[in-house]
Every structure is written in C-alpha cells, then in structure tokens.
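Following are the structures in question.
Consider the two complexes below, in which chain A is the common component and chain B and chain C are the respective partners.
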Partner chain A sequence: MLQEIQSIIEEILDIDGNTVTPETYVIRDLDAESIDLLELAVALNSNFDVKIIDEDIFLRSLRIYVTEARENGEDVIKFLLGRYPFITEERAAEILDDMENSPVLKVKDLISYIEWRKSF
Partner chain B sequence: MSNRAVITSFGIISSLGCDESEILDSFINKRTSFKKSEYDESVSVSPVNNFALKDYTGQFKERRYLTRGVSFALASSISAFKRSGLKECDLAESGLLVGTGPNLDITSDFRDVADGVPDMANLNALWILKYLPNTAASSIAKYLKIHGENITVGTACAASLQAIGEGYRKVRDGYCDIVFAGGGDSRISPGGILSYKMANALNTATEVPDLSSMPFDLNRKGFVPGEGGAFVVIESLEHAEKRNAEIIAEISGFGSSMDGHAMTDPDPAGVKGELAVRKALAEASLDPGDIDFISAHGTGTAMNDSMESGIIKRVYGNSSPAIGAFKSWIGHCASACGAMELVLSLICMKNDFFPEIRNLSSPVDNDLNFLLNGGSHSFGKIALENFGFGGQNCSLVIKKYDKK
Partner chain C sequence: MKPSSKNNRILILGGTSTLALELAKRLLDGKFFYPILTFRSQSGQNRINHTLAEHCGKFGTVHFDLSNPETFNECVRINSSYIVDFAHSDYESLIASSDPDKVAEYFNTNVSNRAIFLREVSRYMLLGRFGRLVYVSSAAAVRPNPGQGFYAAAKTASEILYKSVGCELSSKGVTTVNVRPGYIRAGRGKDYLEKHASVSTDYIVSEKDVADTIIFLLSDSACRINAAEIVMDGGMSSLK
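For the complex of A and B:
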C-alpha cells in the first residue's frame, strides 16, 4: 500500500516517492496545494477502487469538529473517532497534540482511510 | 510613442536540434528526423527525439497537465529566458504572447469510449487543463514569473507568428519593454494524424519519409506533421541597449488578415494573404525589392503552395528574393511553425548560412527564385509568411540590426 501511495505522490507532486514515509506530512512537508489534493483523491479512487470522500480523507473539517466538541463539552477524542472512524484513538490524541502546527494530515492517515474503506 | 523593437534572445526545441550550433550542423550535414508514423504507416512524421521537459524545468509538478505541444512551448521559453541574460525580477511586467493549437492527442486521455461512456482510468482530476488554450501561457507565467500583458492566439497555423507580430506591436507601442512570444505544438499523435488525414491534407503517397515533405514541387502531395516549440524575447531598443543585450535582429513590420473564404482551404486567389504581406512590408517601410529572403509557409499541400507562389509573384514580381521553406526540413509544426521558422531564420541570418528547399526538383513556377542551393548567403532583410486553416494570413518582416 505505501509503495503504491509513494508512486501516486511521485506522479502528482513530481518528487522522489522513496522519500515519502507514513509519517510524512502531506501539506506541511510535501507542499500539496488544493489542486494536488484534488488529483490525489482521484488517483487514490482509481488505484484502490474505493470511494474517496475528500472531506474525510484529508481531515478537512478537523478544526470545526474539535471546536464543536469543546463547545458541547464532549470528549474531543471520542468525538473525532465518531467523525473519522478510520483513525485510531492513539492517532486522534497525536493529532490533538499536533494541531498548533497545522495542517496535521500525514501519509499514514491516507493509508488508514483506504484500509478502512477496503474493509467494507 | 513608437519604439524600435529588437529580438534579444531565442529558444527552440526542434527535430534539427535544440540550440544554434546543433541546428546549423543539421543544416550543413542535411540531418533530418523524418520517419514513418508508428500509428499510420502511410504517413511520415518529423519527431523531436530525446525530449524530456524535466531536463528544462527540474521539479515542476504542473508538468502533469502539459501536452507534448505545451511542453515544447514551456521548454523553449525557458531556453529563451536563459539565453537572454535577463534576471527573474526583470520579468514581472513582461508581456507573454503565445500561439497555441487544439490538443488533438485525444487517445492519451480517452483510450476507450464504450457506448458513449469514456474510460476514466487515465484522467487527472483537472484533465480539462490539457484542452484549455491558455494552459501554455499559464504554465510559462508560473515557471518564469511573468505577470504582464498576455494574449493567447489561436489562429491555427498562423498562431505563433501572429503572437510574435502582436508582441512586437506591444513593444513598439510602449505597452511592454519586454515580451516573450512564441508557441509549441505537436500533431504527430494518432489524433493529430487522423484529423489531418481525414481532411486530406497529408502526404500519404510518398514511400520514403525523407522525401515526403516537398514544398513548391509540382509533385507535392500534402504536408508532413512535425512538432516543436520556439520563443523569442522582444525588447524595446532602449531597454536592450540599457542592459547591453545582444541584439540579434530588429522586427520592423507585421501584417495580418483573414480570407473569409472557406473553413479550411485558403482563397486560391490569395487576395487577402497578399494584403497581409503588403501590410507587413508597408509597416517596415520597405519595398518588395528590399527583401533578400522569404521564409515561405510552404506546406507542400496543393492548395497552399499554388496560392502562396501566386502571392509572391504578384508582390515581388519575377525578380523575387530567395525563397526558403523550412517545412522541408522540420515538417509542419502546426501552430508553432511561425515561431520555429522565425528562430531558424535568425540562426541562418546570424551565421550567413541558408539551407536549400529540400526535395524540390520541379518547381511550381520557374520564374520564382526558390533557394535550391543551400550554403553561404548573406540575407539581411527577411519576410516570413504563415497561413492557417480558416483563412488566417500573416507576415512578419525582420532585418539585421543597424544602429541608424
């Protein structure tokens, strides 16, 4: 899976795919812009034959969800797991710690999303 | 306000080579790239071999949206920039005029269409960019950081010469100090060949690829698709002198017109084509007798060459300047042909070496001075002609720079 994602990213962003690891930040490290994410979604869909919802896979509404959970006095991690069922509790906690330096999206989130979609 | 407009740099990607010495060497050693099309054996093509856009751009993710033709445009604009000695900060207000044609390489995006439903496997999300006429301009602007006045010209095979002519006027009339103008195109894809073959425009009769492009020959049977790209940097003389730029030539006149006759063929009488040529000469304040060399459109189609030789005879009389036809060397590069033929003319003018028209043994008109012997020729004033589907006509006059 990582290898396929590396080659997709290599193709779209014109970089050496071997430098991409699960811990690579998609936006922070790779400078992916919105049109690159658009291409990424189409390529992931076509390569893995799974439905890709941009909103979810790229954690687009992350900040809104966190704010919403806090405002409603809910447990933020549980709230996030409800919205993003493909991430683990551990990853949700990591994301919360990392949010100061947003955007937090990592290659491993893409992998989790696709694995989760494939399990249907 | 009227400025003198001079050419201070050029870049070219062609089947003859990608720099001045390589191209000159190809002319001298008569090296061309004509071969049978892999897609259709009845057709010959003139490809650019060993081209990789990344060699010019380095990492540039927008490459994914660039057709082969647009890639030639971008690569040649980068070459022109590097050769110019200009710095990136000089380009912010530069003008950018690009001649482009349609993307006919349709099968690379749509390999299969079943019952009207296209196979989407190869599509980018933004595949539309490969079909938008201004993608060449937007990629060049992004890469070179050019932000000034801009026009994308889509006038078929007259497009890139017309872009250069309009760019010259932007400098002459004071709208820009610097203009990048040119184009890039490729029609050797299956879609490109199919379209012109169905329009009966290609030579499908000549067995030997190297003999198939024969402009102005009585036995001509159609054009041979080619590919490539070329850009020139046009500057006001004042701007060029201020930065001690090399002045390669001066552009002194441009003219354009439309036949309003047919959707593809030119008006056989060439009345409006002649008007474009005469306008360019008048704008250059030159008499026909002042011109030393004509870079003819010379496609090798029955229609173009008889129409064009008629124009040349009427404008220049029987003592015509030497007539060259670069399409006999590089094939027909569609919307890019004008920019490429201009850069080839500049290289020839700089080196006082002009090549013969290849494969011309029975000229359409024995009164005209077709250049049959390539070699040392010093031609200081050149008129270029290009004509396109739909009756697009244009002509550009350049001359060796003379300080006076």
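For the complex of A and C:
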C-alpha cells in the first residue's frame, strides 16, 4: 500500500515518491495544500475503492476534538479514538505530544485509514 | 468545436427543456460530442427521443432528479468531462405570500442538492484533471421581477457554487462559467413575453443564440473564461 500511496503523492505533488515514508508529515514535510489534499482524497478513493471522508482522514477537526475533550474533563486519548477509530492508542498519544508542531498528519495515518476502511 | 478531452461525453442536466434540446441538436450536428440528456419522467425521456429522433444512437439519456440525490450516482458515473446544467424546478411567488414548506423544499432541491451533485462530479473530474461546467442561470438572478425572488435567490446561490468550483479547481483543469440569458421565447420566458408585449425584440434572445454561446463556452478557445458570468440580454440590464 505504501508504494501505491508514494506513487499517488508523486503524481499530485510532483516529488520523488521514494522519499515518502510512513513517518513523513503530509503537510509539514510535503507542503501539501488543501487542493492537493482534495486530489489525494479523490485518488485514494479511486485507487483503493474505499469511501474517504476528507474531514476524518486528514484529521481536520483534531484540535476541536482535543479542546472539546479537555473542556468536558474527558480522557483525550479515548476521546480521539472514538472520533478517529482508525488510529491506535499509541498513535493518539504521539499526536498529542506532537500537536505544538502541527499539522501532525503523517502518511501512516492515511495507510491506517485505508486499512480500517477496507476492514468493513 | 472538437472536444479537447478524449472523453467526448457532455452531460446535459435538465435535458428535457427546450434550450437543452436545442443545444443537443446543435452538438449532434457538429458530430464531435456525445450528449447525454437527463430526464425525470418517462414522458421526458420520450420527449428527448422524439425531438432527437434523426440522431438515434448518437446520444444518451439518463434518469436524474435534482430533488432526489439518490439519482445522482448514475450521472456522476457517466464520468463526462463536460456538463451543462439547465436543471431548475419552478416556484414563483411573492416572498410575503409564499408557503414556508415549499420555500424550504425549493432551496433544498435547487441549492443544497446542486451542491451535493457538484461535490461528487467535480471529484470525478479531478481524477481526469479536466472538466468544463456551464451553469445556465438567468438575467433574473440579479434583477428579479416580482414573484421571482426565490428563483433569483436559488439561481444566484447556484452561480456562486459553480463559480467557487472554478476558483478552487482551475489549477487542476476544472473550470466553470455561468450564463445568464435574458428574455427567451421558450419555457417560462415564452409565457412572460406573451403577457408583456412591450419587451423590445432587441432584448429577446433566441434558443439558437443560447445554444451557440454555450458551445463556444465549451470550446478550448473559451477555457480562460472561468468562474465568470456571461450576460445575454442584448444589453438590457446595462440600461438605466
């Protein structure tokens, strides 16, 4: 799957796909803009034949969810797992640690989302 | 006009209207495009087949109802590179005497559902990195006569949806243009003109004028006309 995603990113962002790893930040490292993310969502939908909710796969409401969980005194990691069932507890913790340097979206999040969608 | 895309399919929404059928005829005469016209009912499909009978086998039809998003999928999957949108349901009323339920339904159909359709179809066009969409609005969108308030509001909102797609996706090859015909001696315009004989013929647009303008706007020569409005009213709306 990584290879296919590398190829999609290469086409959309005009970069060498081989430099893309699961740890690559989609926005922070690759400078993907909103129009690129839209094209990425469409290509992932087409290539993997899974439904893509742009809002979820790109973690767009992450900050809102974190704020909401904190304001309600809830466990933030559990709250995030409820909203983003495709990420692991470990990844949720990693995201929380990394949020000051946002955006936190990584290629591995895209992979997790597609694998999760395929499991239906 | 030859299609610049390898895909020569043109989806014509609201395909049973007089203007849509005139456009289809002229496209078929040009021989480069394969128009696919939408219909809402069997009688609509019959009307298309009857009007275009001499071009049998050279055009298609597909069921589409703007009030029912479940019918959108089939149209989207046609994967046409060109779309001309004539679809619009009718509701004329003075604002103060309107039926609130009908108003809500009207905007849901003509604005919200159109946005949903545009979302789906523009995503498909992104994949092919080409798309040209022409929205057929009306000069009334910005200068409504009494009773046309909801019509104008829905047309203006729809124009903005198309305009936004053109602004957002032009870098990926998807462009849009809105056409605002003025008085046309067809459809709703025909009834109006019969009641208002005072409208100068200088300001009346023919079906052929509209069809030819749309064909030009679909051409490569017009590709830089993006996210724009073209007014076709003989200059009437520019007068004091």
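What we mean here is this: the second predicted complex is superposed on the first by the 120 of 120 C-alpha atoms of A that agree within 3 Å, B and C clash if a C-alpha of one lies under 4 Å from a C-alpha of the other, contacts with A are read in each partner's own complex, and residues count from 1 in each chain.
To be clear about the criterion, contacts are C-beta pairs under 8 Å (C-beta built on N, C-alpha and C of every residue); 3 or more make two chains touch, one makes a residue touch a chain.
Computed from a predicted model, the values in this text were never measured in an experiment.
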*Looking at the combined model built on chain A, do chain B and chain C fit side by side or clash?*
clash
*Does the superposition put A:Ser46 against chain B (first), chain C (second), both, or neither?*
both
*chain A residues in contact: does chain B have more, or chain C?*
B
_Just to be sure I read the superposition right, which of the two partners does A:Leu13 touch: chain B = first, chain C = second, or both, or neither?_
first
*asked:* Quick check on the superposed pair: does A:Leu38 touch chain B, chain C, both, or neither? Answer first, second, both or neither.
replied: both
*For chain A, which residues belong to both interfaces, chain B and chain C?*
35, 38-39, 41-42, 46
*Of all residues in chain A, which touch chain C in the complex?*
35, 38-39, 41-43, 45-46
_Quick check on the complex: what are the chain C residues that touch chain A?_
123-124, 126-127, 168-169, 171-172
*Enumerate the contact residues on chain A facing chain B in the complex.*
11-15, 35-36, 38-39, 41-42, 46
*Give every residue of chain B touching chain A within the complex, in rising order.*
54, 59-61, 63-64, 120-121, 123-126
